[in-house]
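Got some structures for you, see below.
Both complexes shown next keep chain A, but they swap its partner, so chain B is in the first and chain C is in the second.
After this line comes the complex of A and B, so read on.
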């Protein structure tokens, strides 16, 4: 490999310099700016160091603190609900497509995955109409089975769940593909051996499928979490964080504070908090999975 | 997929169970396709039909009026061109940078390789909002705010592409590359004339991933373009239709706009989906 030194540099330089300049440098800047008072309309050099003031403010009892803590809770709820729905559904869908040996399973896979290609803006527009309390087809369909009309996006009690549902609709196909990828790794011979020993449906699922799918499930949880934190379009376009702050999620809130209101230091402190929360959550998920493994 | 008829007789016996599974499969397919079908049907309705309660499902006289109206309200052609430029150039950039870096990480041995790779992969899991605020200022300070270049430049390389390419290139035999070197081929020639064709299916999948992701991308273009509507991609132009979203009269209009934005990624998906599924299955992992 002597003489390849120049090649190594040439091959890596384009991508690594872009990643360094547009991802790593901004991460460092976010962390630094979190400790400063800075308007996003002014150069970085105008930021003045103020210690932990921004953090005190976003966790304080003023309206800034209340809004941020609300956004944290909304994002946590949104992520938890999304994962709680997407994971079981994608396992069921994946097994239905991969293991049940049904004709037309590939067609279902294609339809499911196609929703993942739809721009979120279109999903948001379509669902805002589907959810419409008066003319929307969802309430009409509920009426067919004797359920009264729901307020969907227009009530603080149901708005966040409604956004979760449209997110689940869009993403479940993608996670189904991940599960199918995991299922293909499980050797068929294990199932056959278990069947010889008299194992049936639920036992096969509980003792073979689920344990051998664990790495895929772990990966899916992490990706679903990272995706859930990014929810933006339906909130920015349809609910603007409302009603009464019930859909005010972090990506929307941080952008509003840091870019629209130009409070770059305050917004950066929120970004850093989000990053820390994510690192802690992901570490905890992995630690939990490892402890399970040892048992 | 496994061979048919390998299930023991006992399992195959329950016809009722299989009938249930088929019904379930159909129900899932219908639920999954319904919003998109409803979107297209609604885009063909007249304003009067869109207003009716209870809702009409099938337009009696399908018309394309709503599409014409969309074209009057937003510059559809211009927005499409912007989207195509953003997604096209970004995708081309990602393919080139990922191929080169993936090759280096897979086939060269050098100091700090593992560390560099780990740092690169870590960026894959970073939600964009974490860096949005300084990135906005950074791109502004090099004079690219409100321009298409500002939308494109920060996205020309990404960790997922590098990861995917490394996975697939690592599986190529070293002898092939050594033989090319002995023949006097330069490293760049090896990457683009020997490695690239060998990993073509993975490249196709990456192209689909990248194109769809950046066609659909909303947060960054919205932030960096700062209201310069000349450069709006279609997904952002569409949000202007939202002021018409308040009343049901304009449902057809809004759905026509949504249909227009959905078509290019879906068409691309139909052509490239076989590479897509195969690549995810083979690499075991995916992102973005």
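After this line comes the complex of A and C, so read on.
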């Protein structure tokens, strides 16, 4: 028995060591730095312990606190809007493609997934031109149907939504593939049985497809949430967090504070808070799903 | 069986001997490698490499290696690599970043001869911006200054005969230039780009007799600053400036630039280095662009714009030999013998980008080039320009002020609220940074 344990540990040691080295150590280091005053330009040894001061500051009323809380709200709004748009769209697209009768399903599947493969730098550059208020194609198209020009990325009221739309365009293909994978797991016999009992379109969707797709949807929510919280490139490439901080999301803000302003301790405190918020949210999503299952 | 080991021994010895000779040659030819971090574009990097090659002819023991990163990544690269093993020996930096780099002992104080070179051959204000506490930390190079750019054609159409000299004339011109039916605004204000937002504001403030910071204390709630916020508010409320037309992207282009080059903005306040962007965007219509001093406010004593400079610093973490070689290279590169006709090689390089050099002898050497209508307007205002304050926490201070100016632009704060909030935030930021 002891020999078996030893060999299990020996086999697990290489992978566990790598995980510890590249994941646990940086996390532990960040947590430690969150309680220090440290300039990222200096060695770790120069960090001085200041207790909870960094956390007090990021939740305080100074500009640091206001900007951080603003970035938290922006990130939460961005994540909520992204999930609220991506999931229903991916279910609709997934069901469309999954229908064997639909002609051109493979082409639609390829087109949808292709958006996910386009590098964000290209997406950001193209969308910044598409959104151009005066010469952008989006406004020209709106003019054809009698809608006046929209400011898109140029107004604090619409900039975040515009970045969300860009994200939805890029991510929906990936989630459609996940939904299709989920749909293929639902046995046809269940639909046939329901049909024999008289169930049709909406009833089939509401009482069979959706409940049996719950695990896939749960997985999609968690992945979409993690992706959304990590949004960085479109903000860094197009909006720089503006106008008036309306697109200043947490990852971009942490980079600005931690690296550009060299305030490593504050940046680490923000990172730890983001990590905790993400853990709590994902745990809550799973808890909610489990409760639903028990019902 | 006996031959193979011998052959191996022989080959091994031959290889070792070859390697030793090669390494001796390398050691003789390139005793010191100096790396030079810059954000310049490829064609400028090629000029820098050519200058380094010229320098190497007389200094065979030194190799200057150029590392180029995009502008947006320069500060990040500097923050993460400076002082590290393998970090850049020389780096081109924005003078606002210097106080923090000096505080963290990442930059090397210039040796006496180089420091004397800088204080003797550069204008006092520029040399001061390259110093912290009286210690010179690098060679100034690029200098940028703000001025009013206006579209002569739009002025003509609006019946405006000359560039506005006062705020009243400026506001009147902005109103006349505004044509909502054509989607045309009188004056363009930038948003979403910290320096692009703050520098024009600071130029108008300086021309109204004010300053952002005096003796390390922010002055954003002074009467001069309040009046500047009010001018912005008035322009926005009247529709003479449309905030949504002023967005800039990470490349400092975007709608703000598009609207000026396409003739939808009558006036902007912008720096000289934009010349190449304007030329690229406007082509022949670049001839319509004129430059004038910043309009003077009611409390101002004359037009004063904001200037800022770039400089090259040497890493304090480099070895003594690297530091010595780096300072020697910088002295030569910025000196009057490395370029043509009494200009420095750095001056040649800056002029290739349309940027104003700061060394006094370079300004004289490029006198003819600086007489072009566009650049002459900038050279004229240079002597009365006020350097942007280089203080600890400068980056955070700039971003904080940016947020309040943008809040006025988008009607999220009144001028009075913005002045009070900007002052409170700036005071807290500078006080904390000074600790």
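Remarks
Throughout what follows, the second predicted complex is superposed on the first by the 275 of 295 C-alpha atoms of A that agree within 3 Å, B and C clash if a C-alpha of one lies under 4 Å from a C-alpha of the other, contacts with A are read in each partner's own complex, and residues count from 1 in each chain.
Methods note: contacts are C-beta pairs under 8 Å (C-beta built on N, C-alpha and C of every residue); 3 or more make two chains touch, one makes a residue touch a chain.
None of these values were measured; they are calculated from a predicted model.
Of the two partner chains, neither chain B nor chain C is touched by A:73. When the two complexes are overlaid on their common chain A, residue A:240 makes contact with chain C while staying clear of chain B.
Taking chain A as the reference, the larger set of touched residues comes from B, when chain B and chain C are compared. In the superposition on chain A, A:10 makes contact with chain B only, while chain C stays out of contact range. Using the contact criterion defined above for the overlaid structures, shared-chain residue A:256 touches chain C, although it does not reach chain B. When the two complexes are overlaid on their common chain A, residue A:280 makes contact with neither chain B nor chain C.
Applying the stated contact rule after C-alpha superposition, one finds that A:62 touches chain C and leaves chain B untouched.
In the superposed model, A:134 lies in contact with both chain B and chain C.
By the touch criterion stated above, A:154 is placed in contact with chain C alone, chain B being left untouched.
Residue overlap on chain A between the chain B contacts of one complex and the chain C contacts of the other covers 40, 128, 132, 134-135, 236-237, 255, 259.
Across the complex, chain A is touched by residues 72, 75-76, 79-80, 82-83, 100-101, 103-106, 183, 191-193, 243-250, 254-255, 258-259, 262, 264, 393, 395-396, 399-400, 403, 406-407, 409-410, 412, 425, 428-429 of chain C. Contact residues on chain A toward chain C in their complex (touch as defined above): 39-42, 62-63, 67, 128, 132-135, 151, 153-156, 236-245, 255-256, 259-262. Considering their complex, residues 1-2, 4, 6-8, 11, 18, 21-22, 24-25, 28-29, 31-33, 35-36, 38-39, 42, 50-55, 57, 96-98, 100-101, 103-104, 108-110, 116, 119-120, 123, 125-138, 141, 153-159, 162, 187-188, 191, 212, 215-216, 218-219, 222-223, 235-236, 238-239, 241-242, 245, 248, 251, 254-255, 257-259, 261-262, 265-266, 268-269, 273, 276-277, 280-281, 284-287 of chain B touch chain A.
Residues 1, 4-5, 7-8, 10-12, 14-16, 18-19, 21-27, 29-30, 33, 40, 43-44, 93, 96, 98, 100-102, 104-105, 107-115, 117-123, 125-130, 132, 134-137, 140, 169, 173, 177-178, 180-182, 184-185, 188, 192, 195, 200, 216, 219, 222-223, 226, 229-230, 232-233, 236-237, 250-251, 254-255, 258-259, 264, 267-268, 271-272, 274-275, 278, 282 of chain A touch chain B in their complex.
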